[in-house]
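Okay, so subunit A shows up in both of these, paired with subunit B first and subunit C after.
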Partner chain A sequence: MLTLLSVSISTIVLINVKKWNWNALFVALAMMTFLSITTVNNSGSASWSFLSHSLAVDSLSAPLIILSCWLAPLCFLAQNVVKGNSGSLQNGFLALTCSIIFFLLLTFSSLNILSFFICFEATLIPTLVLITRWGANVERLQAGTYFLFYTLFGSLPLLVSIVLISQTTSTLMIPISEIVTLQGNTFFSINIWWIITIVAFLVKMPVYGFHLWLPKAHVEAPVAGSMILAAILLKLGGYGIIRMNAYFPDVTTLSAILTVICCWGALITSILCTRQTDLKALIAYSSVGHMSLVAAGTIVFSDWTISGAIMLMIAHGLVSSALFALANILYERTHTRNIFITRGFKMITVLLPFWWLISCAANLGLPPLPNLIGELYIITGIISWSIFLAPILGVATVFGAIYSLLIYQNTNTQSIVLSSMSFNEISPREHILILFHLLPLLSIIVAPNSCMVWSN
Partner chain B sequence: MLKLGRCVHLLARCTNQTSSFARTLASGGTDITKPFRQIRDGLSWTIPKDLQNSDRPPGEVDVLIIGGGAMGSSIAYFLKAARKAGVSVAVVERDSGYSMSSTVLSVGSIRQQFSTPENIYMSMYSAQFIKNVQEHLQVEGSDPPDLQFNDQGYLFLATKDKEHILHENHIIQKNCGAKVELMTQNQLKKRFPWMNTDNVTLGSYGLENEGWLDPWSLLKSFKEKAIDLGAKYYNAEVTGFNVVDDDAKPIDPTQFAPNGRRLNSVMVSMINSPEVVEVKSSYVVLTAGAWSGQLGKLLGIGTGPKEENLHMPIPVEPRKRYVYFFHCPEGPGLECPLLIDPSGSYVRREGFGGNYLCGKSPNECDEPSCEDLNVNYDFFDTEIWPNLAHRIPVMEKLKVKSAWAGYYDYNCLDQNAIIGSHPAYGNFLMATGFSGHGIQQSPAVGKLVSEKILAGEFQTIDVSKFGFERCITETPVLERCVI
Partner chain C sequence: MNRLVNAFLLTSLIAGTSLVIFSNHWFPIWLGLELSTLSIIPLLSYTSQSRSVEATLKYFLVQAFSAALLLNGAVPNLWVSNSWDVNSITSPISYFIITAALIIKLGLAPCHFWFPDVLSGLPFLSTIIIACWQKIAPMFLLLSLSNLVSSEIIIVCSILSVLVGGWGGLNQISVRKILAYSSIGHLGWVTCVAFFIPEVSYLLFLFYILNNTAILLICHNGSLYYLSSLSKSNVVPITAILFSIALLSLGGLPPLGGFINKVIPLIVFSLNGNNFIIPFFLIGSLISLFFYIRIVFNTSLTLFPQHSLNIVSSRTGNSSLSQPIISTLIPITIWGLLLLPIFFLFI
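Here is the complex of A and B:
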C-alpha cells in the first residue's frame, strides 16, 4: 500500500521534468497500476490485506483502488488538447490530476473514518479547479459552483456524524465498526444519525433528488476531468455508504423510503436520457441512473445487493469513462456535442463504431458483461425485499436499453452522412484508449469474485 | 429660465427611458413572460452580470451565421424552431441598423413566375409561410407579426418575339403547381383598361401567392422569433477564418469529395473595438448578401489551388439598383399588380394614397458604381419614365417623391441562388447570390439550410442544382425571368 502511495507521490514530482512530462507520467502511472493489481482478492471472503497502521485494503476497496489506478494513465491518454497550453499550465493540469489520484488512493485505503473523510473532501478542490479552469464554455462557472456547493453541503452533516461517532464509541477505525453499537436516545435519533451520515454519499453518487450538479459538471469538465469524475469520484459515494452502513444495522423505515426514491430516480433519469440533445449530458444522466440503482442496492444492504453494487460500480466506472472518451473523440473532430450534428460516423470511421457498440451494449447491460451481473444482483435483491419495485426497475432497465441504443444509433448509424464529416482518421492513441477501457470489462467476466465479495 | 428649460428637457428624457416601466404599468403591472424567460435562461442565477449581458460571441457555438439579414435570420429561426435538436446558433451582423442590407432596401415582392422549378417551389413554400406567418413567428407576449402581404400578383408582359419564352415558362410553372394564367392582348385590354397593350401579345398573370410584403417586418419577425427561441445576435464583423487541415488528403477535385479539411473557427472582431474573439463552430453559414464574394476571399475561396477546388471565387458581387417612389394621382390604384414591362421596367402600387414604386435593372454596360448608395435621378428620367408613360398613359403625369438605392447580391454566373456547402470545406455552407429574388425565397432557404445541417440533405425541395459545384464547373443554371 505504501509503495502505491509513494509511486503516486512521485508522479507529482515527475511533473517538473521538462521534456518528457506526459510520457514519464504515463509510465509511472502504468507502473502503479500494475502494482495495484496485486491487491486483488480472489480468495472469496472479505478480509483485510496489506494491513498497515492506517492503510489497508479489503475486498471492497481493492477493486476501487485498481479502478482509480487503471484510469489515471487512461485519462492522460485522452486529454491531448491541453498540450497546446503553455508549460506551466500543463504542469498545473498534471499536478491536479495526479493529486486527485493520490487522494483517491488514500480514501479507498484509509482505515480511519476521519482520514477517509478528509481525503474524500480533498478530492473536491482539484476537481473544481479542473472544471473551472480547463472547461470550454462559460457555463463552467455555474458548473463549478453547483459541484462545489452540492458536495460540500452534503458532507458537512457527515463531519458532524463522524464527530458524534468518535465521541460515543471513542474509536474511528473501520474494522471495528461492525462490533460497535450506536445508541440513539429516541427512536428517531438513530434514523437521523443515519441520514446525516448518508447524505454526503447520496449527493456524491448522485441520487435523483441531489443530482443537479452532475450533468453540469460532467459536460463542462475537460475530458480527463469527466473521466475521473464519472469513473471514480461517483463511486466514493457507494463506498462510503457501504462502509457507514456497518454502524447502522437497523434503520428500516428510512432506508425503505430512500430505496424507493432511488429506484424511482433510476426510472426518471432513464426516461430523461431519451430526450437529451447534448451527448455528454446524455452520458451524465445515464450515470445518475446507474448510480441511483447502486445506491438503492447499498441501502437495502443484503449480501446480493452489496455484491451487485460493487460489481456495477466497477463496470459502470469503466463503461462510463469509455463513453466519455468516445464522446470526446467525436467532439474534437466536429466541435459540437449535439447528437443531431455528430451523426453517421459508421460511414467514415471503420473501427470506432465497434467500440461504440461494445460501450453502448455494456451500458445497457448486455450479458455476459459485468454491468449485467451487477444490475441483476441488485434488482434481484431489491425485488426480494419488495415486489412492488419490480415494475419500476423493469421499466428503468428498458429505458436504459432505449437510450443506450439511441446513443449508438445517433452517432453511428444515422444514414445521412453530413458533408462536414471529413476529418482525419482515428489515431492509435485513441484506439488504445478505448481498448484499455474495455479489456478489463472482459477480464472481469472470467474472474467475478475479484469485484464481488462482501460477506461480513 | 434656462434651468427650468433644462429640467423639463431632462424630465422628458427620463420619461422616455422609463417608458418600458410605464408600459408594464399600463399592462396591469406584470409582464407575465418575464419569469418564464428567466427560468429558461437559467444561467442568470450564477453567472456574473457582465458575462451575462456580454455582447461578445461565445467561444464555441454549434452554428455560426455570418450576416443577419433575412436569409441569416430565417436560417437562425428554422434551426432553433427544430427544438428537438437543441442547436446553439450565433448570428454575426456588423450593421445593427441594417443601413446597407439588401433586405430592408428591397422592394419586397414575391412571385412564382420563374423558369427553374426549384425557384418556383421555393417561392411557393415561402408564400405559404408568409400567409401563415402569425402562427410561425409570433413571440409570446407581443403582437403577432404583420407583414402587410398584398396578394396582388405579377403581370409579365411580352412582345411577339418573346412570346415563346412566356409560353415555355408557363408550362413549367403549371407543372409545379403555381397558379398562373396566360392572358391574350384582348383579355389584357379588358382586365386592365388603363394599360396600353400596343405591342404586347401575351401577359402572364399570377393569381395567387404573388405580390409584395414589407421586408423590414419579415426581417424583424424572423429576428425576434429567433432571439426568443434562443439564437444570439452579435454586432460584430467576421475578419478571418482558421482552417484545420492536419490530414488533408489529396483527392480528385472533379469528384467534389470532401478532403479532410475543416473550418475550425472564425475570428470575429467587435465593432469599434480592437477586440477579436475566436469562435469555434461546427458549421459556418455564409449569408452576407452582396459581400459574400469578399468574405469568401478571406477563406481562400478564389485564391487557392485548383486541386482543392479553391480556384473559383464565390461569384457574388454587389450591384446597385435604384427604386423610385412617385405619386401619380390618376394611376391605376388598387388594380395595379406588379407590372413588368417588356423593356424591363417594373412598377407596383405602394400603399393606398396613389403612390407607386418602380425600378429597372440597367444594361450590363451601364451598371452604376457600387461605392455608395446615392441615387441617380437621371436614370429614372431617361430609362424608366418613358417606358412607364408608354405602358400606362396616365403615368405621364407623376411626381417623384423620393428614391433609394440598394444592392443586389448579384450572382455573376447565372443570377440564381448558391445554396449548399463548399466542396473544399465540408462545414462551410452558403446561401447567397439571390440576385434580386432573395426576400421571397428566404423562408424556404432557411428551412432547406436547417435541413442540410440537421438531416444532412435537402428534404423539402431538392436544390442540389444550386450548389457551389456549378460555379466550379462553370455550368450556369440560367433563370430566364430575372428582373
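Here is the complex of A and C:
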C-alpha cells in the first residue's frame, strides 16, 4: 500500500516534464493502476490485507482503490480543452487531479477514522478549485458554494461523532469497530449519534433530500471534474456508511425511516430524469437515483445488500463516468448540452452510437452487466427486509430503464436538428476513453467475486 | 516616520506587552497595558488621514477604559484577599470585573463593536499590530486567570463571539472588516477552550496569530483593501494561491493547518462532557467559511477582464521585507496538521 501511495505522490513531479507532461502522467498513473490491481482479494471473505500501522486494504476498499486509480488516467484522456491554457494553468490542473487521487487512495486505505475523515475532506478543496476555476459558466461559483457547504454541513457533525467515539471507546481503529459497543445515555442518544455520523455520507452520496448540490456541480464542472466526482467521490459516501455502520448495530427505527426515504428518493429522481433538459443534469439525477439505491442497501446492512451495494458502486462509477465523457464528446463539438439540440448523432458519427448503447444499457441494468447484479442484490435484500418497498423499487427500475433509453434514443436515433453543423470526427483518444470505461465492466461479469465480498 | 522614533515606539510596545506577561502584581500589568496602548498611538495616527486618526482615537478610548476597569477590578480583590497578587483572585465580583475588562480589550462579543470599526480605518501594517500583537497581553491574562475562578461568562461570550463573527462578516465588502469579524470568531474558539484547558488555548492562539499575520502581510503587499481589488491585485501569482490556502486554513478545512483550530476544541469540549455547546461553534464556523470562500473566489478562481498593464506590474515592487516573513509563515498553514500530536501532551 505504501508503494501505491508513494507512486501516486511522486507522479506530481512529472508535471514539470516539458512538452509531454500529459502523456508522462498518463503512463505513470496507468502503471499505478497496474500496481493497484494486486490489492484484489479473491479469497471469499472480508479480511484485511496489505496491513501496516495505519494503512490497510480489505475487500471493500480494494475495488474502490482500483476504481480511483483506473479513473485517474482516463480523466487526463478526457480533458482536452485545458491544453489550450497556459503552461502554469495546465500544471495546476494536473496537480489538482493528482492530489485528488492521492487523497482518495489515502481515504480508502486508512485504518484510522480520523485520518479517513481528514482525507475525505481533503478531496473537497481540489474539487472545489476544479469546478470554480475550470468551469465554463457564471453559475459555477454558486455550484462550488453549494458543493462545499452541503458537504461541510454533513461532515462537521461527523467530526463531532468521531471525537465522541474516540472518547467513549478510546480507539479509532476500523478493524476493532465491530467489537466495541457504544453506549448512549438515553434511548434517543444512540439514534442521534447515528444520525450525525450518517448525514455526512448521505449528503455525499447523495440521497434525495440532500442532493441539490450534485446537478449544479456536475453541470458546471469540467469533464475531468465530473468524471472524478461521479465515479469516486460519490462512492466515498457509500464506503463511509458501510464502515461506520459497524459501530451502530441496533438503530432500527431511524434506519427504517431512512431506508424508505432512500427508496422513494430513487423513485422520485428516476421520474425527474425524464423531464430534464440538460444532458449532464440528466446523468447527474440518474447518479442520484442509483446512489440512493446504494444508500438504502447500506443502511439495511445485510450481507446481500452490502454485496450489491459494493457491486453497484463500482459499476455505477464506471458507467456514470462513461456517460459524462460521452456527453462531453458531444459538448465539445456542439457547445450545448440541451437534449433538444444534441440529437440524432447516429447519422454523422461512426462508432459512437455503439458506446452510447452499451453505456445506456448498463445504466438501465441490462444483464449480464454488473449494474444489474448490484441492483438485483440490493432490491432482493430490501424486499426481504420489507415487502412494501417492492412496488417502489420496481417502478424506480422501470423509470430507470425509461430515461436510459430516452438518453440513447435522443442522442442517437432521433432526427438530427442542425443539418449544417460542422462536426469533427471522433478521435481515437475519445474512442479509447470510452472503451476503457466499458472494458472493466465486461471483465467484472466473469469475476464478480472481486467486487462483492462482504461477510459480516 | 523617523527611524529612531519608530524603533523607540516599537520597543516600548514590546516592553509593555512583556511587562504584562511577566508580572505578578496588578499595577505593572495595568501599566504594561497602558504603555502598549500609548506607544502605538503615534504609530497608528502618523498618516494624517482623518479615518486613521478617528480609528486611533476610538482604539485609545476603548483600551484606556478597559484598562482602568481592570485596575478597578483588582481593588475588590485587594479588599477581600489582602494581596495584589495576580494568582490570588478569590472574590467572584473582582473576577467578573476583570474578565469584563479583558473581554472589552480582546474584542469578544458582546463587546466587539469597536473592533471592525477600528480595524477598517487603519492601513494593513497597523492592522497587524492591533489584531495580532495587541491580543497577546489580554489573552495571556485571561488564560492565566481562568485557572482560578472558572466562570461560565467566558463560554457565553465565546459562543456569542463565534456567532457574531460568522454573521457579522457576511455583508462586508472591506477586507479589513471581514478579517476583523473573522478575528472575533476565532478568538471565540480560543477562549472557550480556556475554560477547560488553558495550556491548549496558548497553542491555538499562537496558531491563529501566525495564520492571521501571514494573511495580513499578503494583503499589505497587494494593497487588498476591498473585495473589488482582490482580482485586480498585482501580487505574484503564487502568492494568490498561497493567500487562498491561508484563508481556507483559517476557515478550518482539512488537511490544512487551521483544522487543528477546530478539532482540538472539539476534543476538549467532548472530553469534559460539554457536548451541548458544540453546535453553536459549528454553525459559526460554517458561516464564517462562507466569506472566506468569497475572498478565495474573488482572488484566484475568477478572472475579471483585466487591463494589460495590471498583468505587467506584478513583477515590480514586491521585494519588501514582508516576503521572507510570509514565506516563513505560510508552511504552517499547509503542514500545520502535523502539529496535532503536540496537543496530546496536554490532556
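Criterion: the second predicted complex is superposed on the first by the 451 of 456 C-alpha atoms of A that agree within 3 Å, B and C clash if a C-alpha of one lies under 4 Å from a C-alpha of the other, contacts with A are read in each partner's own complex, and residues count from 1 in each chain.
Here is the rule we go by: a contact is a pair of C-beta atoms (placed from the backbone, for glycine too) under 8 Å apart; a residue touches a chain by one contact, two chains touch by 3 or more.
Note that the structure is predicted; figures quoted are calculated from it, not measured.
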For this session: Record, for the superposition on subunit A, whether partners subunit B and subunit C clash or fit.
Result: fit
Exercise. Touching A:Arg133, do we find subunit B (first), subunit C (second), both, or neither?
Worked result: second
For this session: For A:Ala30, select first, second, both or neither according to whether it touches subunit B, subunit C, the two together, or no partner.
Result: neither
For this session: For A:Val160, select first, second, both or neither according to whether it touches subunit B, subunit C, the two together, or no partner.
Result: second
Exercise. Just subunit B (first), just subunit C (second), both, or neither: which does A:Asn338 touch?
Worked result: first
Exercise. Anyone got the angle at subunit A's C-alpha centre between subunit B and subunit C, nearest 10 degrees?
Worked result: 90
Problem set entry | First, second, both or neither for A:Thr145, with subunit B first and subunit C second | both
Exercise. Taking the superposition as given, does A:Ser88 touch the first partner, subunit B, the second, subunit C, both, or neither?
Worked result: second
Exercise. With the two structures laid over each other on chain A, which partner does A:Ile118 touch: subunit B (first), subunit C (second), both, or neither?
Worked result: second
Seminar exercise, completed: The superposition places the nearest Cα atoms of subunit B and subunit C at a distance, in Å, of 9
Exercise. So which bits of subunit A does subunit B touch that subunit C touches too?
Worked result: 141, 145
Problem set entry | subunit A residues touching subunit C - in the complex, by the definition given at the top | 88, 103, 114, 117-119, 121-122, 124-125, 129, 132-133, 141, 144-145, 148-149, 152-153, 156-157, 159-160, 163-164, 166-167
For this session: Please name which positions on subunit C make contact with subunit A in the complex.
Result: 237, 248, 253-256, 259, 262-263, 266-267, 270-271, 275, 278, 282, 285-286, 289-290, 293, 297, 300-302, 337
Exercise. Which residues of subunit B touch subunit A in the complex?
Worked result: 43, 45-48, 51, 58-60, 62, 84-88, 246-247, 257-262, 264, 280-283, 421, 426-427, 452-457
Seminar exercise, completed: Seen from subunit A, its contact residues with subunit B in the complex are 136-139, 141-142, 145-146, 277-278, 333-336, 338, 340-341, 343-344, 414, 416-425
